[in-house]
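Two complexes, one shared chain (chain A), two partners (chain B, chain C).
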Partner chain A sequence: MQFDRSTYRISDAGTGIRNWLLIAGVGLIASAAGAFVDPKQFFFSYLTAFAFWCTLALGGLIFVILHHLFGSTWSVVIRRMSETTMRTMPLFAVLVIPILIGIPWLYHWADPSYVAGDYALPKKAGYLNVPFFVIRTVFYFAVWVTLSILLYRASLKQDESYTRENAKYMRTLSAPAAILYAVTITLASFDWLMSLDAHWFSTIYGLWFFSGAVTAFFAYTTTNVVFLFRHNILKEDLTPEHFHDIGKLLFAFMIFWAYMALSQFLLIWYANFPKETVFYLARWSGSWRALTLSIPIIGFAVPFVILIMRITKRNLNLLAGMAWLLLGMHYVDLYWNIMPNLHTETVVVSWMDVATMLFIGALFRWYYLRLFTQHAVVPVNDPKLGASFSFVNQ
Partner chain B sequence: MEATERTTYGILAQFDGPDKLIEAAAKMRDKGFKQWDVHSPYPIHGMDGAMGEERSRLGLMVAAMALLGGLGILYFTYWTSAVDYRFIISGKPYFSYIAYIPIFFAVCVLLSAFTAVFGMLGLVNSKFHHPVFYSDNFAKVTDDGFFVSVLAEDPSFDKVQTKTFLEEIGGTNVEYLEGDD
Partner chain C sequence: MLGNPGLHDVTETIAGLAERKETPIWWWVAMGISTPIAIMLLAVVGYLIWNGIGVWGVNNPVGWGWAIVNFVWWVGIGHAGTLISAILHLLRQKWRTSINRFAEAMTLFAVMCAGLFPAIHVGRIWVIYYMFPLPNQMAMWPNWRSPLLWDMFAVGTYFTVSLLFWYTGLIPDLATLRDRAKNLTRKKIFGALSLGWRGGNRQWKHYELAYLILAGISTPLVLSVHSVVSTDFATSILPGWHTTIFPPYFVAGAIFSGFAMVITLAILARIVMPETKNYITMDHLEKMAKVIMVTGLMVGYAYSTEFFIAWYSAWEYERFAFINRAFGPFAWAYWIMITCNVLTPQIFWFKKMRQSVVVLFIASIFVNIGMWFERFVIVMTLHRDYLPSSWGYYTPTWVDIATYIGTFGLFFTLFLLFLRFVPIIAIAEVKAVLPHAQPHGHH
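Now for the complex of A and B:
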């Protein structure tokens, strides 16, 4: 990859990006084979992988929205990276189709005979039915894809020439976008993940999903900085001051995520209602218990102690180590939420978990890199770009 | 009334804007002054480095006190509900540590806040009066004045040489801080 620092463009993207398509192809073949061997396992694995990668795009979307709303300076250098992450949304609008096909295997509320014999589900059928579920999912993606395309297009327009109207447009769009985002991501988490067990409910579930998404996004951004440095891109421009701020947000959102997860658990534990405790009891049996314990310890306590130190946030290698750990734990967290609905007794790791992760992950990475290498790697005409380069933490 | 000998407590010099103040601070630092300070209407980015300030120990103090407070309250909740006055609440074990997490968190925050405020007051060597208030010109510090003050307690303070030095590095309105209290 060749980087031209005078225009902040990648002059030669190289051929390496295409290899991701190859990996995605292998993942696709393996996943397709899995869909024939054991469709139920396939759809659960696919849902986990889909949720993992889609949350990165969702995290990117809210970060761009917040960046415009707050008019922050330091984050201008990572704005294009975030926008590219956000702009992968159309990919997920396509990748969600297998989940819609898999509704009969994934969601027990889609089975009329099961619902008819149940005490609660007939009353929920007005919301939890297949046509409405499909309409909602289409609506979420209509909102997310539209927002990401509009914001990305306006940003590219700024690369050609800066106008106040355009900058104001991005900010004005971001305000209603934030509200739409909050509603859609909450309902999406209810639909896709919480309704896997349609009896159980938790009103904080949307915030848990959102906070995990943003944590994963900052972790992904950190690994992207490492990637850029390996290719000598922005090496003179991104400084420990920027790592420090990415690290602070990673740290903060990790705490926010833990806070949400604990809030959900604490109230259910305290009230001790069987209809609510089933969620945690199911995750306390067999080897699920070890996974349950690993989430607060490896996903929160260990990175908390390490990330609270200033030196971790200012050292890219240490920060990247934490980022990879938190990305891994984000997957474990989603897996822990989804899979006990399939493997109720004990953890069963399937090769389809790997295959679907490879497929969606490689496709996502290919899409991201292709988009990223086509345009300037920073918003070159943003008036705050210079201040962002020379930004210093106090 | 008989005129008394006025004591010189220090020297005050005015500078022309934040950039000049940063330059002056760097020169003061390099000259090796210890008992000196800069005064400006607003915080200036980069001033800590120019003054040669070391990283504050406050963060470590806050972390230590937060941990101490957290462990303390954990022990206290354990002692009250599992040792001193055992009471079964909604069928849960005596020592239900999950219920104490909010208390643990709250006490960590409380002790952090106290340590941050009072530790800061202790570390900054706060005082009720400062010789710069003898200067009438110093009132500008709340408007558009940028100042460097050197106290007479400084080991390398010399009434004539320090004044000359402050003028050399671009200080204007250089004046002695004198009072007869």
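Now for the complex of A and C:
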């Protein structure tokens, strides 16, 4: 991979990117085999993998929106990376189709005979029914894909020439975009994950989903910086000052996520109300208990102690280590939310978990890298780019 | 900053306000109104303690009334001060330097008013020391599972840290007042208060570090205090109270109401002290209007999520609690809340509205009314419980009303003293963000 520092463009992207497609192909074949062997397991594994990778794109989308709204300086250098993460959204609009096909296997509210015999589900059938579910999911992706394409296109236009109108357009678009985003991501989390157990409900669930998405996005961005360094891209321009800020945000959002998870747990534990505690009791049986305990300890306490130190945030290797840990725990967190609906007694790790992660992950990575190497790696005409490069933490 | 003041001008203007010989007429008038009201508060609280809380409007089924509403309302207002001083500091939002001092003062006084209510609502205030884990021969300890006890520790910590933070920020400015003092008494007083500040290089280095650490400690407090306050309601199993979104929802509401109060006070300060207009500019007011708009949308999000999940829960009591809120006997309060908190801030989508002092002032008052009613609506969930025969209605008594009004007297008395004797804008911090203070000149 060759990097031209005068234009900030990558030439000769090489065949490395295409290898991702190969891996995705292997993952696809294995996943497809799984769909025939055990469709129920396949769909649950697929939903987990989908939620994991899609939340990265969702995190990217809100980061770009907030970047425009706040008009921040330091983050200009990572703007194009974030925009590329966000711009993978059309891929997920396609990858969501298997979930729509899998509704009968995933969601018990889709089974009319089950609903008919239930005390509560008939009352929510106006919301939890297959056609409306499909319409909603299509709507979420219509919003997300449109927003990410509009924001990305405007950003590329800025690379050709800077105009005030264009910069203003991105800012103006971002305000209603933030509102649409809040509504859609909340309902998406209710639909895709919370309704797996259609009896259970929690008002904070949308915020929990959102906080996990943003944390994972910052972790992903950190690994992207490592990737750039390995290929000698922006090596003179990205400094510990930038790592420091990414690290601070990673740290802050990890705490925000823990705060959401704790709020949900504490209130349900304290009130001890059977309708609600069922969620935690299901995750307290068998080996689920170990997984439950691992989330606050490995997902919060350990990275908290390590990330709070200044040295971690200014050392790229240490920071990347934390990023990988948090990405892993983001998967565990989603897995912990989804899988107990399938394996109620104990944790059962399936090869399909791996296959679906490989398939969606490799496809995502391929799409991301292909897009990233086609354009300048930073928004070259952003008036704040120079200030962003020379930015120093005070 | 407007009018391009020099470093000396900043000192002259702001320190001048605290040093003037002639106390302005408006100050005497305002003080003349506030102090009697504060004294009335003292009388009403005395009356309450003498007679017991039966003099309040609380009864079955509404066992919590204005006291908890006022407590939550005042604590919420305090949050803007901490957010401005701590979180905006960490986020490098330099515009905060003009407003952080008086916003922090507002926090302290608001928390004082808030703390009064839980203290006086206990039946026997003379044994309130049992709230502290004091070793005693009866081996009686506070109940650690009670959210009211969490409240005491959360609010106590909050007040202590806010006070330290505010005072640390004041030290260089107090030293400025000391150096400018024209008589020995002033010199002695400010000399003692400024704790030997000399403004040396090393002192500044330590000072900046201490300030940063205090900002770091204050930041979780912004979230924790109102989260704990929300658990007063949410740890119960009452429909309409027990819902998991309460902690972040209360925090957003607190910031919302706090910023509204900062706008109200800032506009008043601009009117009575025109010198401050160059420091508390339209730009500051506009930025705060944006914060109000965003946090207003957040509480709107919380209201809608609660309503949706009440329906989604398919649970008749939960559904009833919310339908009753919107269409029951207290529907008037609910719709005041929605109008003030969700609809009013939407006018700030328009730049013209954000730049009109009149609109800002009215809207900020509306938001504060709305946020008072938000807590009122939540508490009034109590008026219809599971048994229709015990349904009732709540009406405050004159003692409730007088106590609430009295806290305004206390708040404004303290605030006026602050306006008169302390530099109301952080002189040293404002100087650091002036264009001449930037070594490389862009800004």
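Heads up, the rule we're going with is that the second predicted complex is superposed on the first by the 394 of 394 C-alpha atoms of A that agree within 3 Å, B and C clash if a C-alpha of one lies under 4 Å from a C-alpha of the other, contacts with A are read in each partner's own complex, and residues count from 1 in each chain.
Simple rule for what comes next: a contact is a pair of C-beta atoms (placed from the backbone, for glycine too) under 8 Å apart; a residue touches a chain by one contact, two chains touch by 3 or more.
Owing to the predicted nature of the structure, the values given are computational and were not obtained by experimental measurement.
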item	value
Overlay on chain A: chain C relative to chain B, clash or fit	clash
First, second, both or neither for A:L266, with chain B first and chain C second	both
Partner chain in contact with A:Y127 - chain B first, chain C second, else both or neither	second
Contacts of A:Y169 with chain B and chain C, given as first, second, both or neither	neither
Residue contacts with chain A in the superposition, chain B compared against chain C	C
Contacts of A:T186 with chain B and chain C, given as first, second, both or neither	second
Touching partner for A:F201 - first (chain B), second (chain C), both, neither	second
Touched partner set for A:W324, first chain B, second chain C, both or neither	neither
Touching partner for A:V392 - first (chain B), second (chain C), both, neither	first
Residues of chain A contacting chain B in one complex and chain C in the other	266, 270, 272, 394
Chain B residues touching chain A - in the complex, by the definition given at the top	43, 45-46, 48, 59, 63, 90-92, 98-99, 101-102
Touching residues (chain side chain C, partner chain A) in the complex	92, 145, 220, 223, 227, 231, 234-237, 242-248, 297, 301-302, 305-306, 309, 311-315, 349
In the complex, chain A residues that touch chain C	120-121, 123-124, 127, 175, 179, 182, 186, 190, 201-207, 255, 259-260, 263-264, 266-268, 270-273, 275, 394
Chain B partner contacts - residues on chain A that touch it in the complex	262, 265-266, 269-270, 272, 308, 310, 392, 394
